[in-house]
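Next, two complexes with chain A in common: one pairs it with chain B, the other with chain C.
Moving on, here comes the complex of A and B:
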């Protein structure tokens, strides 16, 4: 029962130096064409994604993430969809009483390429960008500061709450709470585990509200920033290029159909 | 491919309606009223509750997720917009720390919070029978929003266990849309009713003084001792569930 706080890997690389918004734009500039442009483009987008992975020097962490999260899921989906999608005429082979058709395999391949592109491009963003930095940059560009508060505050509260959940679980087990036997006993264990956790954390809400209110949380005056996130000319050029790429890919879809 | 195009149109219409609703709520000030400092402080706690309880349930190996208790809680005591925001941000957080595959599901989480808020506003979060109805309505809304996402983005069969049901239904000759809808409809109600009941139990345990600090704390004022009304509502619910099971589901899935 443990969560890493985020995927972020602190390193020195050209991708780490880019502005967070540029990397967010990159993620969407991969995802939008993958889903909305011509189907042939989706698998090809793997190339810019791999280039970005190497530019960010996060190959090891990305490989690890792919093997753990992305590949098992999409391989399972590919097999399931090839076997069970009831489309297509060209039967390649039969598996028991299921026909595996060429069309079903093509559809499945398209779907998993899209998901691979989507998950990978977000993974690159998260591996090379600190969540706090991303929120701080977006806030500077006009996102209400409350959003940054919610994201950053949750990332801080979560580990504490998980530690608390672990303590409650051990404490209730040591008092003889049954968390492993019959179904009904396990259902019955939900309340003694959830109750103390939730009430304990809700009590803190009021104090925290007073504390941040006293520090000008609701003030509408312009805020200053602790972290200065650089936004260079290179960033602006890359963002424009990505925008042009998205428009071209969508135009290609309309042009070709 | 035709199903996918149809769904895309449906999706765009829903997005446009939501945008209109958003502008209306913003201009009439309904939205701003829900976001007091207490709400902003409650949201991170609610998201952490979602994820932590989701993990406790994994430890207990129960056939439900219960990963939106916090979202329902915020929806009820702060309002539908706050609930929707909590759901959406909870999925973004899960995407940041667990698996980026969570991101595309954020509309489902948002609609869970919003539905809980709307149902609470019309007084359906006050006795446990009404909470069961709310849970059921949340499940229907989650199914309606989740099915197009499941089909457009994940091709209908994803890597979750319930995909086996979808695969089975496809093999019995149903269309992809019907199979995914039915699967979601089998999987969602139990989870969402249990989620709502737990959220209700939590609210029941909080003091009135504490609840009144939130924008819609009055939604949670628990009614006590109206046995007759409860019985009538219970009967209506059971009849509706049976009608839904008998008539509407085959109607949707027959095609």
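Moving on, here comes the complex of A and C:
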């Protein structure tokens, strides 16, 4: 239940075994060329992304995520850009007053490819990497521990905040707060919820600060890590290859244009 | 040897006029279990925070007098060094969970990661600490899926694993049910038996009577009484000032006015009360059942 808010799928796969930094590098090695290299490359990056999805054995979860999150967003984007972008001469068809041109559709296709690559590559990272492992590895490499703490604790504390909001809401309703009639009244019902939730959380923040301070969070000694996150030679080779790929793709942009 | 020494300590929180602690003089011996009682606002929490270094380092404000704990002077040591020697646990178990860890085992290791204990030693220490507090079976659970009593024991274990010399507890059972309270007191008893110095603010006088070596009564930021549980908990001053009083003491005090308690000394535990009332001559058969 602790992992409810993260996308992580605990499995054994070659991708799961990779170091988090390698997977993060993969994400950026997809995103940077998608946005900065020649436009033709962006749709082609779907291929390495699908390979990675299968290597991580997370096809089912990835498909689920795509249908719920990525597909609606890119469909919307595609329609909007195709119809409203005022560029191009080659009119394919007309939608009311708007001309849908071939050029506009091409631009729209490029945009959605880029978004697809960006969201997917991060989805792969999150689906195959335990958030604790990701943060502990990045902290070991010099990410400020405060930053890692914020990410980790947000994942855990959000569900607790939701539960608390529900409790406050129930308490207010038992005192006659109207949360079920007209829209305006329901919006008004949010006000007595926000006060206790926000101020209550501020008090909690102080206590939590004391609690983690009592456990040496600000200690100046070099930190150690319970999780042993292996960083193998394979990881290093993959990262170098990805870097080469990024450089080549950017170089391609300069040479080919 | 005194491990805690407070000399003429007066402390004001920022933006306040009245001091939260006034002229506190206190010495705690190594291995002693001292309970601190007092009404709300008496300064119990402030005293705990002072011993744990959070007053004045975390809360700022104005501290005068000398605070020395485990050989460190408050005025000279930074908080992150102070916490290596003094462990602090407080009321709300939920807020003591770091929130950055996914299992109880990782949660307990959090402090050791922060102070740079090597991984192998870390694992050994976490396992030992969990065994000591009886929560080994919770190792792989999420800290948020636990009951209040279990969470509080996790919080205590997270502090104990850092091997502090002094353990400061600020009403650790006030938000727990009777079972949780028993579990937490069980842990504290284990620690005192192992020679840990414990200072504990607590309302539950029945428990204090059974466990503490010494009781300090705080009132309006000052030490009102300081002595053995028997001496402090039966003092008439406590009743006057509105302290929480053991039900055994209250009953015997009432019985004394009616001539039904014959001993001079008032009881603080169930056993003493039962013994004392057994000495009372029973005037009629009806009176027997109630004693």
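By our rule, the second predicted complex is superposed on the first by the 245 of 257 C-alpha atoms of A that agree within 3 Å, B and C clash if a C-alpha of one lies under 4 Å from a C-alpha of the other, contacts with A are read in each partner's own complex, and residues count from 1 in each chain.
Methods note: a contact is a pair of C-beta atoms (placed from the backbone, for glycine too) under 8 Å apart; a residue touches a chain by one contact, two chains touch by 3 or more.
Just so it is clear, the structure is predicted and the values come from calculations on it, not from any experiment.
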- Message: Which partner chains sit in contact with A:208 here, chain B, chain C, both or neither? Use first/second/both/neither.
- Response: both
- Message: Under the stated touch criterion, which partner chain does A:21 make contact with: chain B (first), chain C (second), both, or neither?
- Response: neither
- Message: Once chain A of both complexes is superposed, is A:45 in touch with chain B (first), chain C (second), both, or neither?
- Response: neither
- Query: Regarding the shared-chain residue A:217, is it in contact with chain B (first), chain C (second), both, or neither?
  - Reply: both
- Message: Contact-wise, after the overlay, does A:132 reach chain B, chain C, both or neither (first, second, both, neither)?
- Response: second
- Task: Considering only the touch criterion stated at the top, classify A:161 as touching first (chain B), second (chain C), both, or neither.
- Result: first
- Note on the structure: Chosen between chain B and chain C, the partner touching more chain A residues is B
- Message: With both complexes overlaid on chain A, does A:34 touch chain B (first), chain C (second), both or neither?
- Response: neither
- For A:149, decide between first (touching chain B), second (touching chain C), both and neither. both
- Message: Show me the chain A residues, by the header's touch rule, that chain B contacts in one structure and chain C contacts in the other.
- Response: 1, 3, 131, 149, 153, 157, 204, 208-209, 212-213, 217-218
- Task: Going by the contact rule at the top, pick out the chain B residues touching chain A in the complex.
- Result: 35, 37-38, 40-45, 47-49, 51-53, 55-57, 59-62, 66, 69, 89, 92-93, 95-101, 103-104, 152-159, 163, 166-167, 170-171, 173, 176, 198, 201-202, 205-206, 210, 213
- Which residues, counting only chain C, touch chain A once they are in their complex? 52, 54, 58, 79-80, 83-84, 87-90, 92, 94-103, 105-106, 109-119, 122-123, 142-145, 155, 158-159, 162
- Task: In the complex, go through chain A and note every residue touching chain B.
- Result: 1, 3-7, 35, 69, 72-74, 76-77, 80-81, 83-86, 98, 107-108, 111, 114-115, 118-119, 122-123, 126, 131, 146-147, 149-151, 153-155, 157-158, 161-162, 165, 169, 179, 183, 186-187, 189-191, 193-195, 197-199, 201-202, 204-206, 208-209, 212-213, 217-218
- Query: Considering the complex alone, what residue numbers of chain A touch chain C?
  - Reply: 1-3, 130-132, 135, 145, 148-149, 152-153, 156-157, 159-160, 204, 207-228
